[in-house]
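What follows is a group of structures, each given as structure tokens.
Two complexes come next, and they have one chain in common, chain A, joined by chain B in the first and chain C in the second.
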Partner chain A sequence: MTEVMSGPAPYIYVSTRMRVRKAKLIPREEYLRMLNMSLSEFTRLIEEMEYKREIDELSASFSGVDLVENAMSWNLAKEYQRVITLAPGEMKGFTRDYLHKWDIQNILTILRGKTQDLSDGKIRAVLVPAGELDATMLDRLLAETNTERIVEILPEKQMAKILSAGLAEALETHSFGILENKLYKYYYATLIKAARGGMRGGLPFLKYVTFEIDVKNITNLFRILAQGKSNVSTSDVWIEGGSYHVDELERLCSVESMDEVVDTLKKKIKSPVLIEALESLRERKPIYAIEGMLIAAQLNQMDNVSKRNPFSISPLLAYLERKKYEVSNLRALARGKEAGLAPEILEKYLVM
Partner chain B sequence: MAIETMTIEVAQAMASGYTAIGAGLAVGLAGVGTGLGEMGIGAAAVGATAEDRDMFGLALLFTVLPETIVIFGLVISLLLLFQ
Partner chain C sequence: MALNVKPTRSELINLKKRIKLSERGYKLLKMKRDGLILEFFKVLAEAKDLRNDLAIKYARAQEMIAIAETVEGHIGVKAAAFSASENPQIDLKSKNIMGVVVPKIEARSVKKTLIDRGYGVLGTSAAIDEATETFEDLVETIILSAELETTMKRLLDEIEGTKRRVNALEFKVIPELIEARNFIKMRLDEMEREELFRMKRVKSKSEK
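Entry: the complex of A and B
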């Protein structure tokens, strides 16, 4: 289709739609109310929300919490595809690049599932076709029994190249960790390249990508520190393109004093949101609490970027991220309630 | 004497011509300004209404707000033409 839209109007149109959608997401007070509901009350509430259509569609195949969980994943995937359709011109390309991480997640889930001899139905239940690989393509990949063949038929050739290079080792060691790291490194490199491509809001978004890489590296650092000293090299873990050099992060892995780690990390950080989060990490905390804090800092930073650049790619991506955490919160609530977890414990795992 | 009469006539004609140009510019430039203002508001209004139909009334109100600039331009042009 010929591109007829030009000027700031398409950005204003899409940014406003995303802002309205973001405003409709579940607020903190509603989560607190949900925490005290029984599983049946919670399920009924979900059925009355925007997930109703998906619940109706999938009710023949699933039931109970499985139905709620699958309906939410399905809703998330459909919502992301709708956003891609809405995004104009170059914004569409950048949104696709950003949603590429779902492709990585889906492919790795399929490969992991296949190597563990899980049924196609079980693997399909955890797939979220929110990226470039749609449900039809994912079904095609699932139908393949040979893992090498799955990699071969992937439409994204660069990703297929990375996968085929490390697949033999991953199958031998039964661990896809290294492969996952390589794919995410490629993902962030692509994102940085796209952000530098001269798109409106691209440069502010580049700062956000750098911030996201920093958060990922800091999360990995705290995970390694929580596990204690390890002789295994961690150089593959770090993602390049952030504020920290790989050598610096590797050195921090062997530092015992948490104050020293936080002080060193703070030196290169400008974002007040992240500095505040880092300050609270001086005392040792469980890893889920650290991750929760860093995710909250990341979402706040994204909101800040989208407020400073109201008519750019940022409001769209801010909505996509918030939506992702809404679904993950609701899934955590559904599963947590099914397992009989206390509301106080569940609350710690929610991103509000 | 004839030259002086001609000069006054030409001056009067030129004055009314400039008045007409001024009146045209007042409405025309005000219209361009309104258009620029409405471009952003209109796009946002359509976006907001697409998500929530209840916003239609408010969105329409905000969209037509820059129309006041054209009314100012029109008033100026009418004052110029009928002074």
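Entry: the complex of A and C
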């Protein structure tokens, strides 16, 4: 069979498959029903869903809610790997770029685990091979004892370059925080570059990325402000490419009046959800309490982009994000029920 | 009770000196005991408040870790926890409360800024910050609590010891010394009377 790699055909093919997959995701009403279930009822329901196979596979290694969480993470990883496989041509490259977030998380977890002399088993339990680095590659990285060697054998060379440039400092200071920030900044820069690369749906997707960067920058600004005044430079934590300039965000870090910060931020945004979120922050609501609202707004924006550009990269990305939050919601329900959180509190942390 | 003392004048003087010393020691120890009890109640009130504070902070930390695990999952929380490479450092000094050496614990590097915590700001959420902050608070309170609880324990031990010494002086040492003094006094008087009688007899015989 000849694979069609150019023209609208691959987009139509992938978008249709993604739409079908997205339609199978758990609807809002189902989550509301799950909220009122007991933990045992909930886990029984999960076992009857598409996560059954992973639950059976992992039941020898994990138990209880850990089993549910790990099974869902594995299901997510497998699903993402399947999506990478079925996306043809330039869409595959873009999907890989988009999923690099997971690679960053996995590489840093391996490096941190290795520097703390944790066993391979302990590190493996925290890895989610949902990015370009699949389980086999992650196992290869885990088998290496030398951190420099781990960086050397990474297939993504630009990421390897960033890692090798900052590795010595990270090992000396026992902190991978700066390196982690650099990798995420590179991730967003790559996404912006790829979105501008002429792909179908690339430019509308760029708006979504800008929105995500704004959300990240705003939440990080408030996270830093919540820590109180500090003389430490924060230039590392800002992502370029959003509505705010890095210098502007750095300056806002030293402003003491919350109202002034909110007013300055509001000048540059139009999104009603972000404005509402900023008003909540003015009232000193905790940031973690409004993060769910912002993510829901991000997903809705992604859905809108995907509906306006039905045969583009957007339906694929919309599915990836929705799938991620399905897993996140189910995990939140399992963990929340285990911790005895009330359904009304738990509902706040669900992205529906 | 048979007293094993020599009924001599020098022994009486010695005993009088010991009684005086014991009574002075008794008064001082009683004052020390009362002072220690006052100090103990002060520490107890502080420790009580701190225990309540500890219970509240523990509950809050548990709640926040539950929320962090709800938002980020156990995997996300564990991955962020891998960043913590440094253990909190404590400086152990000592201070003196009425002769009782109690520890003074100072903690270093428990509370850190968001940037210094070791995890990347861009790869984590505010729920992790909140959980970390509440646990930093909890560890600080535990360290403070360790200082106060040890102080309380040492004060109690000292109060117990002082009380025992006060009681020993009050009910055993001093009464025994007084009894010995009285015995010597009585024996000396008796000896004086015997001597007088003997002298009188000798005089009457020599006159005959």
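Criterion: the second predicted complex is superposed on the first by the 329 of 352 C-alpha atoms of A that agree within 3 Å, B and C clash if a C-alpha of one lies under 4 Å from a C-alpha of the other, contacts with A are read in each partner's own complex, and residues count from 1 in each chain.
We adopt the following convention: a contact is a pair of C-beta atoms (placed from the backbone, for glycine too) under 8 Å apart; a residue touches a chain by one contact, two chains touch by 3 or more.
Keep in mind it's a predicted model, so treat the numbers as computed, not measured.
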- Task: State whether A:21 touches chain B only (first), chain C only (second), both chains, or neither.
- Result: first
- Message: With both complexes superposed on chain A, which partner does A:13 reach: first (chain B), second (chain C), both or neither?
- Response: first
- For A:78, decide between first (touching chain B), second (touching chain C), both and neither. neither
- Query: chain A residues in contact: does chain B have more, or chain C?
  - Reply: C
- Residues of chain A defined as touching chain C within the complex: 65-66, 69-70, 73, 104-105, 108-109, 112-113, 115-116, 118, 125-126, 128, 174-181, 183-185, 216, 219-220, 222-224, 226-227, 230, 232, 234, 236-237, 239, 286-288, 291, 328, 331-332, 335-336, 339-341, 346, 349
- Message: Which stretch or stretches of chain B touch chain A in the complex?
- Response: 39-40, 42-44, 46-48, 50-52, 55
- Residues of chain A that touch chain B when the two form their complex: 7-10, 12-17, 20-21, 24
- Note on the structure: Interface with chain A, chain C side, in the complex: residues 62-63, 66-67, 69-71, 73-75, 78-79, 82-83, 85-86, 113-123, 125-127, 129-130
